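Each of the next two complexes has chain A plus one other chain: chain B in the first, chain C in the second.
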Partner chain A sequence: MSARKLCRVGEEIDSRLASILVLLPIVFVISLYLYGSHKRHQENPKDRMMPNLRQIQTGIVKTVEVNRRTGDRWLWKDLKYSLRLMVISVAITVICAVLVGLYMACFSAIEALHMKFVRFVSFIPPLALLPLIFIFVGTDAPAKVLLIFLGTYFILVMDVFLACKDVPKKLIRKAYTMGASTVEVVFKVVLMFAWPRILNSIRFTLRQAWIFLIAAEMIASEAGLGYRIILVQRQIGVNIILWYLFIIGTIGFTCDFILLKVIQKYYAWSLEK
Partner chain B sequence: MRHKLQIYLSYLLIFCLLVFISNQVMHAKPVKVGVSIWTGWMPIYLMEEKGFLKKRAQEYGVEIELKKFKDYLASVQAFTAGELDACAMTIMDALPPADAGIDVAAVLVNDFSKGGDGILVQYGIDGSNFKGVEILLEEFSVSHYLLLRYLETIGLTERDIKIKNTPGDDAGRAFLAGNAEAVATWNPHLFLAEDAGRGYVLFNSKKIPGEIIDLVVFNNKRLKQNPKVAQAFVSAWYDAMEMIKNPETRQEAIIIMSDLAGTKPAEFNKMLEGTDLFLDPQRAIDFLNSEEIRKTEKKVVKFAQSHGLINDEVNLKYNTTVIQTVRPMK
Partner chain C sequence: MPESPLALEIKDLTLVFEDQKTTKVVLNDLNLQVKQGEFVAIVGPSGCGKSSLLNLIAGFMQPTSGQILVDGESVEGPSRNTGIVFQDYTLFPWLTVVDNVAYGMELEEIDFLMKWIRPFRFRQLHRSFREKASHYLQEMGLKEAENKKPHQLSGGMKQRVAIAQEIIRKPSILLMDEPFGALDPQTREVLQILILKIHEQERNTVFFVTHDLEEAVYVAERVIVLSQYKPNDNNQGATIVKDVCAPVFKSTEVKRTEDFGGLIQDIRISGFAPDQRDIVKSFDRNYQNKADKR
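The block that comes next holds the complex of A and B.
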């Protein structure tokens, strides 16, 4: 492949080169880390701030074997706990945001009722509301769901609203002329047309949700990926933190990848420009 | 013309940058001491505020920079990473850095908790029905340690209760909001909850005097290179102690410290009651040399080992030579 071709805007590159380029930053980051870790261990063989591969391996083993003090396998317990919390919170957020965003886009009364309020509240950092959340919902699971909800809902609802607003007026008029009821127009025309874009917004919501999941698990927790990361900080368990970050990255990447594939496969029409 | 000016300007900029960088490299970096907000460490803030630290640093010909952390744990991590030369921490949190290969030397004992840490419970809960209680606390912290010491006295173990990990301040707030049946935390949350009639303190650090100890630890490797830093720091600490001891200046000291801690003077006075400050150097020397502190260390090491805070046998060094050099301010 000529250099000139590489410099042209919008030019495709061949897949071999692409896969090399994909690996490049990964290899770069890992080698930079290993070098730094090596340097630190030369100075202090017991260093735990930048664990080497053996220390990371010890950390991984520690999370999958039965723990002597607590009597359970950390990783399974944490995964179960976090994923359940994640699924519940994201499901609630998505259902609420899609419905409200859709109605806002369709009915001006609901827009007037909700819009200014949402835009105002969306600027408030949810973590600052923690004391209020304690008072109103306590410290158990509902509080965690609420925190994730507050951290993701307002952005998603605005996205859904904009996506639904973008539905061509022509389409709606046509549907009405052909005798569609309002319910049909809202759900079969507007929602269906905006759906691929909403799925795309959900991809970004998931990112946000992970951040708040970790924050939520700081409070009154007994398990969870975020819980463990915070807990082992006291043990200077950076090896376990790195391993858990890798797991979070993998789960997040997989979800994102699946959603992207779904959009590409079933909603290819929305990608055509 | 304009073009030339631009070139000259950019040369000038690069020159300034080079001067700046070389300055940074040539100048000895100031020694960094980490501290976070806690009753027993407010005198450290005081000694900066009143200029004791600066005066003592000049006297010993050193440069000390106080790094104020909002997050206590972050300060311990920065110390472990080697970013700090010294840091204020509890005896328990000094163990993991030592286990991670940092040569840790305690040169100053600030105080020990005497009622400042405690277990808050709602009315109706006591030792007889403590089994099965759900308690909010910061796991692996002194609150956790305190709870285990309490459980020992009533013949229970950690498995008999349910611990939910929560940062100590948040646990205190949750209790005040009426959303927890039991929490292990520290002041001002203990007396705030009692004053509000939310519950009572079931067990506190008064029952285990001298076990929750606040220290200033140094990275021993760097301490050996430049012991004057520790001397200047410790001298400034005792200047602050003099100010607190002296009835004429005590009120001013309290007002400054409570202000910096974000509380009211009356509240801060109450917090000081739960904190046994080591006002005299001799008491600190005796304590650091005593059998008592070794016994405490053994207990704390046992806790740290069983909870994965440390992997190996670790020993802290207690360096009393620095405190012995303290002389009153000129």
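The block that comes next holds the complex of A and C.
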């Protein structure tokens, strides 16, 4: 491939070059880190700020095997706690936002009822509401679900609303002349048409949900990925922190990847313009 | 009782668009009767209210005054009596072609909750609709596209599926809103022949809106010209300026312009297109006014 072609706007590149380019930043960051870590260990072999591979390995083993003091496996406990919270809160958010957004787009009365309110509230940063949540709901799991809900619902509901508003009027009219009832138009035409775009919005919602989950766990919790990160910070357990960051990244990336593949495979029509 | 029942009857129809500042009369005192099995084309310059008329018949809009009867029943809102084919967005993109054609029957016959309440009955009906649709597609020469999604089809194919989707439901009146407007000339001609063929077989009532006079004269048995009397006066509203019988072509005949060229000339003169000189004059006048104000 010529250099000139690479510089042209909108030009495709071949897949081998693309995969090299994908790996490049990853390799760069890892080797930079390993180099820095190596340098620090030359000065002080017990350095904990930039742990080398062996220290990271001990960190990983520590989180996976049964802990002598607490008597449980940290990683499983944290994963179970965080993922459960995540699934519950995202499920609640998605169900509420999809139903409300859909009805808002279909019926002007519901739009009038909800729209201005949503737009106002969406400007309040959810973390600013945290003290109120702690005061009224406490610091247990419901408080975290509520925080994630507040942090993601208002964005998702607007996205769903816009996606459903984009359904061509002609399609709705056609469905009506075909004898569809209003319920059928809402669920079998508008929702079906907007669904791929809603799935895409859910991908971004997941990202938001992680932010608020980790934040909530860091502030008040008895388990969870965010909780562990804050806990080991006191003993400068950078090795465990790095390992946990990697896990959070992997889970997030996998969910995102699966959703993207689902959209590409089953909703290819929505990607065509 | 009239001899031949009317598929469509329009009585003293007026449509006025009003907003805070302006009132615009779109359609003015329109009267029209369409017999069952008739193929009627509505032509007129763009912006004369053809599509508004179609929306009124389909029940998407309510007239300011007057009445529309489809099959003797007053139109209150969208109903299954009318089928509609638009220029675009006529298919459900998430369904395959065969499901698209079956969807009309499905929406009509199957209750929203039947899938869960009576799954066996649902599956049985669903299968029978699909079979029917598949059979119909075969007749229309779309068999090989059956399991494709609309985005994988060409414009002409899409429109053929859209027509199949409506014909299979056998609506009392089929409304077509410039259905071939976005197609290239060759495909357009193929589809014109197709729609003629379907009409020969089914004898369904078709209400065909187009701005292409030639197309109108070729496909329809009756051509109605909708126009505004005075091109300078916007507030007049459009009415029917000509209602003529067109020569009947068979789908097997080759379309030749000289067969209906005279009629086209005749319609043109009757006010299909506003007189060019009038437009120039009105433009000059507007321009002059604006220049004076400055």
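By our rule, the second predicted complex is superposed on the first by the 271 of 273 C-alpha atoms of A that agree within 3 Å, B and C clash if a C-alpha of one lies under 4 Å from a C-alpha of the other, contacts with A are read in each partner's own complex, and residues count from 1 in each chain.
The working rule: a contact is a pair of C-beta atoms (placed from the backbone, for glycine too) under 8 Å apart; a residue touches a chain by one contact, two chains touch by 3 or more.
What you see is a predicted model, and the numbers here were worked out from it, not measured in a lab.
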Fit or clash - chain C, chain B, common chain A: fit
Superposition-derived angle with apex at the Cα centre of chain A and sides reaching chain B and chain C, degrees in steps of 10: 150
Touched partner set for A:Glu272, first chain B, second chain C, both or neither: second
First (chain B), second (chain C), both or neither touched by A:Phe193: second
Touching partner for A:Arg173 - first (chain B), second (chain C), both, neither: second
First (chain B), second (chain C), both or neither touched by A:Glu184: second
Contacts of A:Leu53 with chain B and chain C, given as first, second, both or neither: neither
Which superposed partner A:Tyr227 touches (first chain B, second chain C, both, neither): first
Chain C versus chain B - closest C-alpha approach in the superposed model, Å: 38
On chain A, positions contacted by chain B and by chain C: none
In the complex, chain A residues that touch chain C: 168, 170-171, 173-181, 183-184, 187-189, 192-193, 195, 267-270, 272
Footprint of chain A on chain C - complex, ascending: 58-60, 77-80, 82-84, 86, 88-90, 92-94, 103-104, 107-108, 112, 149-151, 169, 171
In the complex, chain B residues that touch chain A: 73, 77, 80-82, 93, 96-97, 99-102, 136, 139-141, 158, 162-167, 170-171, 173-174, 177-180, 306-309
Chain B partner contacts - residues on chain A that touch it in the complex: 44-49, 69, 130-131, 134-135, 138-139, 218-222, 227, 230-231, 233-237
